[in-house]
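Paired with subunit B in one complex and with subunit C in the other, subunit A is shared by the two complexes that follow.
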Partner chain A sequence: MRTKDIVSGIKCGLLDMHSRLEEQEIARRRYKRHAAFITEIRSKPGFSLAVKDNIAVKGIRFTAGSRILEGYVAGYDATAVERLGREFSIVGKASLDPFGAGSGGDTCDFGRTLNPHDIGRVPGGSSSGCAVAIALEMCDFALGSDTFGSARAPAAFCGIVGFRPTYGLVSRHGLIPLCMSLDTVAPMARDVWGVAYLLSHIAGPDKHDTTTHAGKETDYRSGLERYELKGKRVLVPQNLLELCDSGIIECAEKGIGVMKDMGAKISRMRMEGLELSTHAYYLAMFAEFSSDMQRYGSPIYGFRGPVEEARGRLLSAELKRRILIGTLITMKEHRERWYSMGLKGIRRVRMLMEKGMERFDLMVMPSMPAPPWKHGTLNPVDSYKTDLLTGPASLAGMPAVSIPCGKAHGLHAGLQIIGRRFDDLGVLGAAHRLEGFL
Partner chain B sequence: MKIGLEAHIYPGVPSKLFCACAVPMMCPVCTAQPGSKPMAVNRKAVEDTIKVALALKCRVMERITFMRKQYFYPDLPANFQRTSTPFGADGGLKDIGIKEVHLEEDAGRLDLKTGKVDFGRAGTPLIEIVTEPCMKSPSEATEFLKNLSDLMRYIGVSYPLRFKVDTNISLAEARVEVKNIGSIKGVKTAFEYEAQRQGKVISSGGKVLGETRHYDEDTGRTFSAREKETEDDYRKIPDADLPDYDISVALRSISRKISEDLFERRARYMKTYTLSREACIAVTPTPGFAELFERLAAKFPPAFVGEWIRSDLIGELSYRGIFPEDAKPDEGRLESLLGKYASGGISKLRARIMLRELLDKGSWKERPADVDVSKAVREVMERHKDAVQKLKRGKKVIADFLVGEVSQALGFQIHPQKIREEMEKVLEKTVQIKI
Partner chain C sequence: MEMHIEKLCSLAKLQIGREEKEALGKDIAEILEWVKALERIPDSSVARRRVSEELRADKAGKWRD
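Right after this comes the complex of A and B.
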């Protein structure tokens, strides 16, 4: 059932809220082994929603998927959660790679999250729990986060819609940072309408986050229906597309074909330099991440015990790797060579993207370069490389959505649509037009 | 001996730097709860820092960025401290060079004895003033801090001044840092202790180690906190949670309103008004107060006005717990009071009483103008016959007592000299005796 029908059905009293709640409860019990939730919350009537566990919900355990925060309870609501109002009922805190540091989504300290369509494979990360819960109909909406593809990757792998808003459209207050200059709170849902509905609630300036701006729209739903792809100029970065798996290219070409049929003008260009985004991002992220992780040395966030034990035993290997590299590359001896280079790379990608989008309305490419991989088969560096396509939009602070786009090798693939900064409605509108035809 | 100071001034700002908490309130932001983001930087604190940078004659920047200064310490909730890039650089206070002025957030308070941390003040704005290591003696350093304190008050940033000083002091090569001194007296004690300690080490053939020492206010001693072989690496990175801050607009509007430099003003008073050094300091707590003095000095002898402000006005204000910043005396009445006092029409004590009444009730009670002094003198002499007898026998000091009695009976509004003259007249009539 479409999210729109569910929302309007409940609002008009056509759908029985209680039987829906029951259905979702049963689904939750049935799919417990998928480990979509870290903490389950007794649901109240309302639209069911999962919140990624790196977003604060007052009074609820707040772990960020890591043992180091196991006993920590959030003392405040994230702005996005606060703005949802009582219409929404939070049914669970969804799993994630600890602190959002992962692309696979299967490294949560509280259980391995599984891909709902093939449990031998990863669900995509880091907002894995959110995507899995929606795919398994355990809830209708989810609040995830997207730093470098954390919402788009699991959306692509689980066959749902994940949206990264323009940086600054949604307040990050209450979101545990992975890389503060790129983090966004990301609405996820079964379809584009659901994402737009959620976004309408949470978007807007916030005094608790100084990077927020007012968006152009306040209601993203009504704009969806009016949007036309006809005459829109669409850019396909050919060099990035060619790096993908053949099945994925096929899916993407199908999506591009549909856009063309709807009257969009497709241009294919080589955008050399965009492949730098992964290198640049990881350097800057290591630095900012290590800075934000410094605080977990003090015993004030739940864990009572020696610092060495906390940091030594409770942080996962991936977290330690990122903290150590981040610390190393910001030290006096190395910062010029590494940290500054990362920042330079980001500025370059940002410039390339802005220049590239000057003459175009949208950019289209696959969300992930390959279908979901099997658990434990990628080494860290290879998994970093899978962020290749979600990266450029992140670095440029542009809105990007991943929508389901057929199957490659029998596994879900996602199509990514990117727009100019603050053209969130354009991105969602195009996705909304397309989603029925893919 | 070479001394450099890092003075951290608490500006008189009601809330913390990146949240709306007042000390000692706490919120997710100032305790660095996971996920919390800093709110927009406190505007008043930014304006105060600009004022300080201008008053210290720094080259002031147009844009600032907040950086994260990263180090581990129990009183620092996030284990990094947000500190701005310099607001101003290359300034000076009298002949002490100022390296830079910037704004930062304070840490919590760690009790070294119990190991407990109080986060109540964590996140309070601090204006850090870094001097060149150019002071040569402890007294030079305390003199600098006194001047700084006067200046902070004069530009309306902080009064009474609350500050913390980190210092570095070196007799030989090694740089010894002494942290967390909270008063000017403490600076002096710590310096003297350090000079003595380092001197002893050197004279006994030892080597002074580069280290960080803490100052204990109770004992007046410093004790070693950690040895420091290498320069600290704070791994500063820009805080992307806070966009770059453009201070050029605030800078222009503050520069327009800036008043005459405190020390130039004092020098001018000393030269053109021939005021004593103490009076100069007393009449210049704030620009407003100094202007009041100048207006009065245009009407009455400046040295007289300065001395009166120093001895009477400041004293009466501080007795009432009023800071000169907040004092709004009725200037017209103040002038008429000074007019009477300056012309010798009223006694010093009467002037003081009138001032008290002016401050407490807004005006003083006028006495009838035509008091009969000789009548009052006769009455007092009638009442104190034995005293008059003694006086007649030649005990002249007793006259002071009698004059005092008359003065009191007349409500202190007659100048004592007048009473004395009157008394002489009365006595001359009875006995031929000159007092």
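Right after this comes the complex of A and C.
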């Protein structure tokens, strides 16, 4: 059932809320083994919502997927949660790679989250619990986060829609940072309409987050139907597309073909340098992350005794890797070589994206370069490389959505549509036009 | 890297065993080797010129589907 029908059905009293709650309860029990939720919350009437466990919900355990915050309880609601109001009922705090640090989505300290379509493979991360809960109909909507693809990757792997808004459109107040200069709160749903519905509630300036701006729209749903692809100029970064798995390229070409059939003008360009966005991101993120992580270990988060021992015991290997590299590259003797190089790389990628998009309305490419991989098969570097396609939009602060676009080797694939900053409606409009045809 | 790891763990307030330190040291060396590729990223003037060339080629219809 489409999100729009669920929302209008419940609002008009056509759908019985109690039977919906029962269905969701059954789904939650049945699929508990997928470990989509860290904390389950008793359902109340309203549209069911999963909230990634790095977003604060007052009075609820707030772990960020890491044992280091196991006993911590949020003292306030994140702005995005507060804005959703009573119309939405939170049914679970969703799993994630600890602190959002992962691309596979299967390294949560409280249980391995499984891909709903093939439990031997990763669900994509880090907003894995959100995507799995939507795919398994445990909830209608989810609030995830997206720093470098954390909503788009699991959306692609689980066959749902994940959206990264323009940086600054949605408040990050109450979101535990991974890399605060790139973090966004990301709406996720079964379809584009659902994402637009959530975005309409949560977008806009917030006095608690000074990076926020007013968007061009207030209601992202109403613009969806009016949007036309005819005459829109669409850029395909050919050098990135060529780095993808053959099945993924096939799925993306199908989507590009549909756009062309709808009257979009497709251009293919080589954008040399975009393939290095992952390298630039990881250097900057290591530095920001290690600095931010220094706070965990203090009594405020419930620690007693030696901080070093607790951090050594409770942080995952990936977190330790990131903290150590971040510490190394920000040391006085290494800063110029590594950290400055990362920042320079980000500026180059941003320039490439902005210059490239000067004459285009949209950019299109796959969401992920390969289908979901088997659990535990990628080393750290290979796992970082999978962020190849979600990175450029993140570094440029541009809005980007991942929509399902068929299957590669029998596994879900996603098509990514990117737009200019604050043209969030254009991105969602194009995705809405396409989603029924892929 | 071993010397670095000892110093890094102390700076980062991480108490970890020798085996884990060795494994992390190996990973860190591999990751730093990988990010070195960033040295290849074109200078801003070169990058801008290349994109402009591509845009001109597109305007001439070379890259259009």
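Everything that follows uses one rule, which is that the second predicted complex is superposed on the first by the 435 of 438 C-alpha atoms of A that agree within 3 Å, B and C clash if a C-alpha of one lies under 4 Å from a C-alpha of the other, contacts with A are read in each partner's own complex, and residues count from 1 in each chain.
Basically, contacts are C-beta pairs under 8 Å (C-beta built on N, C-alpha and C of every residue); 3 or more make two chains touch, one makes a residue touch a chain.
What you are looking at is a predicted structure, and each value in this text was computed from that prediction instead of being measured.
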Overlay on subunit A: subunit C relative to subunit B, clash or fit: fit
A:210 touches, of subunit B and subunit C: first, second, both or neither? first
Which of subunit B and subunit C A:311 touches, first, second, both or neither: second
Which superposed partner A:218 touches (first subunit B, second subunit C, both, neither): neither
First, second, both or neither for A:8, with subunit B first and subunit C second: neither
Partner chain in contact with A:377 - subunit B first, subunit C second, else both or neither: neither
Touched partner set for A:291, first subunit B, second subunit C, both or neither: first
Which superposed partner A:327 touches (first subunit B, second subunit C, both, neither): both
Greater subunit A contact set [subunit C / subunit B]: C
Following superposition on chain A: angle at subunit A, subunit B versus subunit C, Cα, nearest 10°: 80
Least Cα gap, in Å, left between subunit B and subunit C after the two complexes are fitted on chain A: 9
Shared subunit A surface residues [contacts with subunit B and with subunit C]: 294, 297, 327, 331
Touching residues (chain side subunit A, partner subunit B) in the complex: 54-56, 62, 64, 69, 72, 74-76, 78, 172-177, 180-181, 207-211, 287-288, 291-292, 294-295, 297-298, 300-301, 327, 330-332, 335, 339
Complex contacts: residues of subunit C adjacent to subunit A: 4-5, 8-9, 11-16, 20, 23-24, 27-28, 30-32, 34-35, 37-42, 44, 47-48, 50-52, 54-55, 57-58, 63-65
Residues of subunit B defined as touching subunit A within the complex: 27-29, 31-40, 68, 70, 72, 74, 77-80, 233, 235, 237, 239-243
Residues of subunit A that touch subunit C when the two form their complex: 238, 256, 260, 265-273, 276, 279-280, 282-283, 290, 294, 297, 306-309, 311-313, 315, 317, 320-321, 323-325, 327-328, 331, 338, 341-342, 344-345, 347-348, 351-352, 355-356, 358-359, 379-381, 384
